[in-house]
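Report on one structure; see the data block that follows.
So that you can tell them apart, the chains are marked A, B, C and D in the order they are listed, and the count of residues begins at 1 in each.
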Amino acid sequence: MDKSKGIFVALVFMALALYPFVGGGGYGIDIVTKIMIYAILALSLELLVGTTGLVCFGQAAFFGIGAYAAVLFSGEQGAASILWLLPASMLAAAVYALAVGALSLRTRGVYFIMVTLAFAQMAYFVVHDTPLGGGTDGIYLYFRPTLGEKLKFDEPLVMYLFSLGTLVFVFGFLTVLLNSRFGRALAGIRVNEQRMRGTGFTTYPYKLAAFVISGGLAGLGGALFAIKDGFVNPELMSWHLSGAALMMIILGGLGHLRGALIGAFAFLLLQEFFKAEAIFGEFAKHWHLGMGIVIIAAVAVLPRGLVGLPEVLRKRLAGSGGGESRIGGLKSAQGGAK
Amino acid sequence: MANDVLLRGKDITRRWGGLVAVNKVSIELERNCVHAVIGTNGAGKSTLINLLSGEIPLSDGSVELLGKDVTGWTQPKRARAGLGRSYQRNTIFPSFSVFENCRLAAQAKHQKGWAWWERADRCSVSTDSARDAAHRAGLDKLMDRTAGMISHGQKRQLEIAMCLATDPKVLLLDEPLAGMGAEETERMLAMLDELRPDHAILLVEHDMDAVFRVANQITVMVNGTVIARGDPDFIRNSPEVRVAYLGEGH
Amino acid sequence: MDLTTFLIQCLNAFQYGLLLFLVASGLTLIFGIMGVINLAHGSFYMIGAYLAYALAPVVASAIGGGFFATLLVGVVLSVVFGYLLEWAFYSYLYERDHLQQVLMTYGLILVFEELRSLLVGDNVYSVEIPQVLAGSIPLSEVMTYPTYRLFVSAICLVLVGAMFWVFARTRLGMMIRAGASNREMVQSLGIDISFLYRVVFAAGFALAAFAGMVAAPVSTVYPGMGGEVLIICFVVVVIGGIGSIQGALVAALLIGFVDTFGKVLVPGAAGVMVYLAMALILLWKPDGLFKAG
Amino acid sequence: MNRLNPYKLAALAASLLLAAAPAYSAEKLKVGMMLPFTGTYAKLGATIKNGFKLYVQQQGGSLGGREIEYVEVDSEANPAKAVDNVNKLILQHNVDVLLGSVHSGVALAMAKRAKESGKLLIVPNAGADGVTGPLCAPNIFRTSFSNWQTGYAIGKAMAEDGHKRAVAVTWKYGSGEEQLKGFKEAFEKGGGKVIEELFVPFPNVEFQAVLTQVAAAKPDAVYSFFAGAGAVKFVKDYAAAGLKGSFPLYGTGFLTDGTLEAQGADAQGVKTALHYADQLGTPTDNAFRAAYSKAYGDQPDVYAVQGYDAAQLLKVGLTATGGDPKKSAEFAAAVRKATFDSPRGPFTISKSHNPIQDMYLREVKGDVNKVVRVVVKALEDPGRGCSMK
C-alpha cells in the first residue's frame, strides 16, 4: 500500500472514530456499527477472493456459525466476558472452515464456488431444520457480554467503538499478513498456482490456512453481529448474504483491502439511500431497482471497482481512454469453464 | 571433481489412456553437465520434464534425486529438495515486480508461513538470493519493473532467474531460447556456461546450433522413446538420428 | 413403500428432473460456450412464468386465446427479448473476469424482480390449465396423475430429443459443440462468433422462459420463484459438468430423484439432500460427471 | 392494491420530514409499521396496514387524544434484517409504538428489541408462540393468534368430525412445526392418531412426492399447513392428484385465506380453522366489511381484521394512560380488562397478552370461507414460558 492510500484508510478510520461524537445520532451509530461488522465479513472474504483467488460462495456460513456460537456460548445464566466469547466464536467458525476447506479445496474454479455454496447450504439447513439453534425462528441472546465491570455491550456507543476497534484490528492484521511471506505466497497462488508448486510451495496448506483464517474472521464478524442484534436467525447463513458479501468486495475493487472496506460502505449506504422514503417517497419500496441499476452501471464504467474510480476520473480528465482491466487475478475461476 | 549423478530417471513411462506419451525413458543428469533432449514436436520432451519435476505422476518407473528415491514425492517437495524447472511458456507472475518474482521464488526455500508478523521484504535470506539470481540472469536494471511489461526475451531470462532463486542443484529448462533474438540467445548460452559448474542441467531445446554448442550430452527422443544418446559429435553423425529427423521432420 | 407408490414417485422425480433440465440446459450452454456465469438465468424462468400469466388475456383479446397460442407468442417474445438482452448487456461481459459477470447479472436480477413488481404486482397468481389437459389419469386406486404433468414431461422429452438432434446433426449444433470446447477454433473456421453467441443466448433464454411458461400452471406464479430455480440449476450444471448437455440431463434427473426420494425417505432433512449429493459428487469427480469438450 | 393517491403521499412524506423537528412530534403519536411491503408477503402487509388505518380514520385520526402518524419500514419478511429495521424505527424515527410483523422470525426479533427498549409492540399477525411465551412482556401484545391456537383448533375439529388416522403435511419451518404441535395435542386428545408426518423444505413448492406418500398412507383425513404461494399450489396439486375425493383436506386457516381466487374450484370443501371467517354476519363484521371495501375497494381478510384490532387495542391502552404509551403497567392493565368488539367476534387479552378468542371451523364454499361451527369457545393460549401473572 503506498502512502496516499495509507493516509486515505487512516482518515476513514479517524472519521469513524469521531463520528459518534460529532454528529452520529442513535440510528446513525446503529447503522454504521452494522456496516463496520459487514466490512469485517467483506475483509475476511477479500482474503480468499481478492488475495488468494479462491472464490468462496459460502462465507455467510462462517459468519452465521460465529453468530450462533456467540449466542449459544453465552448461555442463560448471566453476561459472559467478551474476552473469551469472541475467541470461542471465532474458533467455532474456524473449525467449520477447516472441515469445509479441507474438502472443497480439492476442486477448482467454478466447481469450488459451487462446493462452498453446497456446504453453506448444508449448514443453513442444519440450523434451519433442527431445534439446536431455535429452528427457523432463530434464537436470541439472554445477556449481552461485558468487558470488565464497566463496559457493557448493551450500550450502543460501546458496541460501536468496539466494532470499530475490531475492524481496525482486522484491517491491520490483514495488512501485516498480506505483506508477510505467507501473504505473498497467497498472492503468488492467486496469480499462478502451477508456478508456485513448481517453485517449491506446497500450496494446499497455504490455501487451507487462508480458508481457516478467513472463516475465523468471518466468525468474528458474525459474533459481533449477534451481540449487536441480540438475535440470530438461519437467514444469516443463506446464500443471499454470501452473495451480498461478494458484491461488496467486487463493487469495492478486488485485490485491495480498502476495496472491501469501501465496498461494504458503498453497498450498504446505497441500500439505505434507495430505501429512504424522504427522497423516493412511495417508490422507496422498489429500492432494489435503484441498486440493480447502480450495480450494472458500476460494472460498465468501473471494471476495477470503486478503488479504480480515481484512476478512471484522472483518465477522463486527461482525455485518454478507460483503464485496462486487471492483470492476472481471477483467471483461476475460468479454469473450470474451459 | 567427479561427475556424480544428481538426477536419475529410470524407465520413466507415462500413458494417457491407450496412448503412451513417454515410454521407458531412462536418463541421468550429472553434475557439471548440460544434458540436452531434442526431438520433434510431440516426442514427449516437455512431458519428460513434467514427469521428472513431479508435475504429473508417473505411470511407471522411478526418479532419484541426489541419491534419494523421490518417485512418490510431490512436485513442491522435489523443488525444495533442489529440483528447479522453467516452463516452455512464460509462467511468471505478471502483476508483480521483477524483483518480487525472484523473491517469491527464493522464499520457497525459507517459507516460514507461520511468521505472519514479519514483512516478506525484510527476510534477508530470500531478498539476497533473489538479487543474486536476478543478477546472474542479467536483470539488475529491471528489478522494479512490472514483470508483465518487460520484453519477451527478458521474461525468458526472468524464468531462469526465478528458477535460480530457489538455489537448485538440478535445473530442468524447457525451451529457454524460444522466441529469443540472436543477442539474447548469446546471453542465455553464456549464462548456461556459467551455471554448468556445480549444477546438473537438462535442456530441452529446438535451436540445434545452440544445443550442439552448449550440450555435453544429447538424448534424442522420437514418439516417446529414446533413439540415440551421446556427445554432440556422436549425435551429429548418427545415421539413426538423421533418419528420424528427415523421416519425421517434414 | 409398495411398488405402485415407488413407480409413481419415480414418475414424479422424472417429471421434476426434466423441467429442471429445460432451465439448466440454457444455463450450461451460456456458461460453457460464452464463459458467462449468468445469475439472472432464474429470472428468465420467472419472466417466462409471468409471461404465461400476463400474456393470456392479451392473446385472448387479440387472436382468440388459448394456452398454446399464449405459449407460442411467449416463446417468440422471449427469443426476441433474449436476443436484445445479449446485445445490450451480455455482449460486454465476455472479456470481463467472472466476478464482474456475477456482479452485473446480480444487478439484472434486482432490476427484473422490481420491474416484475411494478408491472404485475406482488401477488400470487395461478395460470389455468388448458381445457384439453385438465383431466387426470388414475394410477392407483386412490391416486390419479394430472394429465397436464404428463404433458409437461412429454413436451420436455420432445425438446430434449430436438436438442440432441440439433447438436448431433446440424451445422449449428456442430458450431455450438465446437464453441464449447474451443473458441479460437470456431473463429478460425470463419464462423461469426458474435452471431453464434447471440443465437445461443436467445435459445437459452427461450428455453428457461419456456420452462417457466409450461411450469406456470402447476407451480403458480409468485415473487421470488426465480431465485429458487437459479440455485438448483447451478447445482445441476455443476454436477453435470459445465457446458455438457448430456451432463445437464443426467444431473437434472439425478436431482429430481434425490429431491423426490429425499422428501419421502428422510422428510426431516429433505432440504439438505440435494446439496449433500452435490458435495459428494464433486468430491468424487471434481469436474462434474461429464466434462465438456 | 395501492389506492393511496399521490397527493396524500406527498403530504405524508412532507409530514414525515416536518416531524423530524421535535416541536411537532410532541403531540402526535408515531406508529412505526414494520410490515412486509415487498416480496411474497407484500399483500399481507398492505391489508394489515389498511385495517389499522381504517380504524384510526373511523376514530377521526386520533387515538386516546393523540393524533396518529405513520412511519413505514419494509420488513422484507427477512429476519436477518429485522433488528436493523426495528432499530431504524426506534432510533431514527423515534416512534412511540411498534406495529409488526407478518413473519414469525421478524416478530421474534421485534419482540426481543421491544423487550429491551420498553417500546410498545403490537403484533398484528405473526403467530410464533414465543412472542407471548418466553419473550412476553408488559409492553408486548398480539391481536392475531398463536400458532398453537390455530393448530389446536383444527386438531379438535378433525377429531370431532370422526377422523381417527391422519397424515400431517407441513412446511419445515417454525410456524409449521408449532401449529403441528398444537394440532397433535388436540387431535390425540380427541382419540385420533397421526400416522405419518411429512415435511416439505421451506419455501419449496414441489409437492408431488409427498402427495404420493399421502395416497399410499390412506388416512381418514389430511392435516396441512401452508401459506401464500405454497397454499395455492398445495391445494391445487392435492385436487389434481385426485386425493380430494378420497381424503378430506384440513388445515389451519392460512391454507385458504387470501388465496381462494387463485385456488379456484380446487379449494371447494377444504376445511380450515381460524379465528375469523368470511360472512360471519355479525353487525360489527358487516359494518367493518362495508367500511373496508368502501375505503379500499377490496374485500377485507383476516389480516385486515388483525390490523384493525391492533388499532383498537392501542386506543384502549392510550385512553387509559392519557395518551402515553410508555406507561406500560397502566396500559397493560387497561388492555387486560377490556373486551374488544372485533369483526371476528368479541375477544379478550390473556395474561401473556395473546387473544382469548373463539376458533371457527370454516369450509370453502364458492369464493368464501364459510363458518361451519365454533370449534372452541374462548380458546386461550397456554403461554408456555411466559412469567407474567
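Following the convention adopted for this analysis, a contact is a pair of C-beta atoms (placed from the backbone, for glycine too) under 8 Å apart; a residue touches a chain by one contact, two chains touch by 3 or more.
All of these numbers come straight from a predicted model, not from anything done at the bench.
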Check your understanding: Touching subunit B and subunit C alike: which chains?
Key -> A
Study note, to complete from the structure: When A-D and A-C are ranked by contacting C-beta pairs, first place goes to A-C
Practice item. Go ahead and note the Å separation of the Cα centroids belonging to subunit A and subunit D. Key: 36
Exercise for review: With chain centres taken as the means of their Cα atoms, state the distance from subunit B to subunit D in Å.
Suggested key: 74
Check your understanding: So, what's the distance in Å between the C-alpha centres of subunit C and subunit A?
Key -> 32
Check your understanding: Cα centroid separation between subunit A and subunit B, in whole Å?
Key -> 42
Exercise for review: Pull out every residue in subunit B that's touching 2 or more other chains.
Suggested key: none
Review point. Do you know which subunit A residues sit against two or more other chains?
Key: 125, 128-129, 286, 288, 326, 329
Study note, to complete from the structure: By the touch definition above, subunit D meets two or more other chains at residues 38, 172, 201-202
Point to revise | Set of all touching chain pairs, with the criterion as stated earlier | key: A-B, A-C, A-D, C-D
Check your understanding: In the complex formed with subunit C, which residues of subunit A make contact?
Key -> 49, 55, 103, 106-108, 110-111, 114-115, 117-119, 121-122, 125-126, 128-129, 239, 243, 246-247, 250-251, 254, 286, 288-289, 291-296, 298-300, 303, 325-326, 329-331, 333-334, 336-338
Exercise for review: Could you please specify the touching residues of subunit A with respect to subunit D in the complex?
Suggested key: 25-27, 29-31, 34, 125, 128-129, 135-138, 140, 154, 228-231, 233-236, 238, 241, 275, 277-278, 281-282, 285-286, 288
Exercise for review: Would you tell me which residues of subunit D are touching subunit A in their complex?
Suggested key: 2, 4, 6, 9-10, 13, 16-17, 37-38, 72, 74, 78-80, 82-84, 87-88, 90-93, 104-105, 108-109, 112-113, 116, 128, 130, 135, 172-175, 177, 201-202
Exercise for review: Enumerate the contact residues on subunit A facing subunit B in the complex.
Suggested key: 176-177, 179-185, 187-188, 191-192, 194-203, 205-206, 209, 326-329
Review point. In the complex formed with subunit C, which residues of subunit D make contact?
Key: 1, 38-40, 42-43, 172, 197-206, 208-213, 215-216, 218, 228-229, 232-233, 236-237, 240-243, 246-247, 259, 262-264
